[in-house]
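Structure below; questions to follow.
First chain written, first letter: the chains are A, B and C, and each begins at residue 1.
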Amino acid sequence: NVPLKHDSEYVIDGKIYGMPKAKIYRDDYNGPAVVGDYVTMVPHLAELDYKGNKEHEVRMDVFSQKVEVAPGVSYNAWTFGGSVPGPVLHVREGDRVVFKMKNRSTEEVVITKPFKGASPYFDQIAANQLQKHQPVVAPMPHSMDFHSGTVAADDKWATIAPGETIEFEWIANYAGTYMYHCGTSSVLMHTAMGQYGAVVVSPKEGYPTDKEVDQEYVIVQSEMYLEQMGDEYIYDHSAALARDPSHVVFNGHVSALSENPLKSNAGDRVRIHFLNAGPSGTSSFHVIGAIFDKVWAEGDPRNTWYGMQTVLLGASSSATVEFIVPEEGVYKLVDHEFADAERGAAGALYAGPR
Amino acid sequence: NVPLKHDSEYVIDGKIYGMPKAKIYRDDYNGPAVVGDYVTMVPHLAELDYKGNKEHEVRMDVFSQKVEVAPGVSYNAWTFGGSVPGPVLHVREGDRVVFKMKNRSTEEVVITKPFKGASPYFDQIAANQLQKHQPVVAPMPHSMDFHSGTVAADDKWATIAPGETIEFEWIANYAGTYMYHCGTSSVLMHTAMGQYGAVVVSPKEGYPTDKEVDQEYVIVQSEMYLEQMGDEYIYDHSAALARDPSHVVFNGHVSALSENPLKSNAGDRVRIHFLNAGPSGTSSFHVIGAIFDKVWAEGDPRNTWYGMQTVLLGASSSATVEFIVPEEGVYKLVDHEFADAERGAAGALYAGPR
Amino acid sequence: NVPLKHDSEYVIDGKIYGMPKAKIYRDDYNGPAVVGDYVTMVPHLAELDYKGNKEHEVRMDVFSQKVEVAPGVSYNAWTFGGSVPGPVLHVREGDRVVFKMKNRSTEEVVITKPFKGASPYFDQIAANQLQKHQPVVAPMPHSMDFHSGTVAADDKWATIAPGETIEFEWIANYAGTYMYHCGTSSVLMHTAMGQYGAVVVSPKEGYPTDKEVDQEYVIVQSEMYLEQMGDEYIYDHSAALARDPSHVVFNGHVSALSENPLKSNAGDRVRIHFLNAGPSGTSSFHVIGAIFDKVWAEGDPRNTWYGMQTVLLGASSSATVEFIVPEEGVYKLVDHEFADAERGAAGALYAGPR
């Protein structure tokens, strides 16, 4: 295990609690907005190429980008790291994360240039220009709430003003796939504006099927509440309160997983870490033509379900699902709540021959 | 087990994959629209009077019927086999299904005559005239997606034109209660129009309580989205998109399970295979006066829950529930989401003396 | 175990069924509206200071109170025992409850006086004047449906007229946290008007963590459907049918758990029995800054989930959750369906130093 590091820390049932106070300060940092060796863009997950536990230095700055959600539909999103959803962080149960976030909402931050090549995240976002990022300025207080962290929320998830940086640590005490999001009021608005993503905490001893898995992907479902305003689209708070989404999307765009389908081959075992980020709706995740051989509720290997056609997930719930790809062909992925599938909650997996 | 049958087939973890390509053709078949020895009408389930595995020849033709949903409320449904929901297919884990479906949407198909006596399904539909079937013509492409099958969806679940027949095979690789439905776009519309039903795949080794069960029933919940148009009712796509159902029903009619209540006796163990067909809503299934002694999520005997007052099911999720009937009397069955119970999602079980 | 008591009773799988018929009569009772040694007000739970099983004499009379739901928003609630939600009953698996309820909807019943000191419930309601109870008269038939009881619903849950008393018995055959509510038609209306609460049936052998738990609380979530009518608020049945709540609340008031937060200390193990009373919506219960170490679905110790960020509960489903309080600080509790959190489904837990 990563050892205790600060005087304030203590252990209960093998888990570390009592992180030191968060630091909030101002600096002139203007480097890469996303830092971390195990940080990728959905649907990708970085491989954990180390044994045991590790301390991760991670940065996800907040800034605004105009992003596309559907053909012809873009809005000025509030983002972690420039994309909606934000970057995927992969760690192992027991790892320590030293996290930094600068609120750069007053700056025009360019996400795809000049950082190409700097990390898997930048490579992947450069390779997938579906969201068509354009920097915009939208000064606003923001915060970061990692569901994967067990800390005092009033301290670590504190709201910071534009220009401020917050720095805190958390331990990945529990395996699973977790939501992170901005926790600044109105949380409904801040999440709906684009501030959410996934942390995958792989179990210390792995999942029992680790050696059989051929592909491993991450999908984040979310609702968009946009209304047209002249040529533009803006967030519609009344629609968000009424649970009446304009779009429901996998990985931030109605076409994210159909323009760029997941890939596999007949006979493969595919694992998907599926997070329903909400902000309000449920998801009934289903793969057309397949049955989930295993489902780990919330991604914990102790929560095993078998042989499921569909898995129901509440807002900010996740499941790690696995299925055998039966044959060469095309398998659509849907929220089987068809009112949401019609709004865009659909994608595809293409399977080559065995 | 049913052995491998085609060169394309292979086994992974004891399950058979790699079914041969679907065949689509035209013929002049105009025989019984539903064929199958283990095919019944809800709430009935055929007894599996064979040992081990079996190959089933099953037909469920598509055609339209005007059906009643509530007193005075009928609409021109698109159906599998003439009823809403469609027939219940019962097989055993490991069985092979050779399935045929003719799209007879251009024909007036009479469901209750002259096929009375031809199979349990026809007997049961003739005995229960609540839906008051009347043949109508509604030419339309359709398809069949069995959640119980693990196959390439673009091949087996292909859409066929009026007059065409599709033929394909699938193996019941996983035990459980599964939805089937038309997968032709708009799936929201095709399912809401009436094209859904249940397949019960009994576990190879059974459920641990098989010997104690006194009655076994099937309930399919679904939402109807109908609007009045003069004297008629028609499907309301806006209401379906808005998740604003006009009716929510058990077994296709607001009175299906109150006009014809389930039957049992005090002290009996009752098993219900409950499927929430959606197309979009959740169901919180509850039996008033009883507690579910066992709940098998998705009908898989490995997914056991105990002592539940209510089971929450997403769209296209199922559960196999069992309860002891405490006393002689009347037990209402409800979706405990009372906004839906008020729309009709209610029924009853009548218990005689011990 | 509490032995069989009436000739009609019999045992199946160690559980007692076959309770005698309910009695309905008129008397001139005008004593305390709530009776029971193990009856408290949310979020409190009485300690079971006895070994083995016990017979409980419990009364919860029905009468109306004007209660506050949010600052400036009061309505004439229909109540069990004067509060919304009603009193919490705590028993042990196997206990017998002899229950009496008088329909006093024609009377002005004073809840906080003169019964102060009479039982934990009265002490607690007197100490927490957030709902600002004022007696009102609202003659109406009512009934009581305990989800914790296994009985003939048409007999025990029978509707009684104003002035009548109903008396029946039930056995707590199954451990777990259960909803009770008025089952009189329209059930949507009677529950939305305020007639619901929780029964906690502690497992015979306890939960495996009983010795580690430092605090034990009860939270009941529910939706309110109120519309303004001049200076008053009244129940809005159209909004209830449309699932468009005006308020979503923990323990009956938008500020119940923020004005009077739950209390603990860093390092504590906190247990919450969480019931989603609906009447229609789901809840995605989450504690900001914590992860649920254990979740027992429906409160049954055989239904264990581990390491969950959020637990999804349908209408009339419950979970018993436990978490370690990581540090001194403030932890907000929310329905992570943020459209509902914005309507009031939020509270807090304050943690002192370790």
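Simple rule for what comes next: a contact is a pair of C-beta atoms (placed from the backbone, for glycine too) under 8 Å apart; a residue touches a chain by one contact, two chains touch by 3 or more.
Quantities reported herein were computed from a predicted structural model and do not represent experimental measurements.
Interchain contacts join each chain to each other chain, per the touch definition above.
Chain A and chain B touch with mostly distinct residues; of the residue numbers seen at this interface, under half occur in both copies. In the CA-based superposition of chain A onto chain C, the rotation angle is 120 degrees, rounded to steps of 5.
A straight line joining the Cα centres of chain A and chain B is 36 Å long. Each of the following residues of chain A touches two or more other chains: 282, 312. On the side of chain A, the complex with chain B involves touching residues 244, 266-267, 282-284, 286, 288-291, 293, 305-312, 324, 326-332, 336-343, 351, 354. Residues 8, 10, 12-13, 15, 17-19, 145, 147-157, 173-176, 178-179, 183, 186-188, 191-192, 240-243, 278-282, 297-298, 300, 302-303, 312-318 of chain B touch chain A in their complex.
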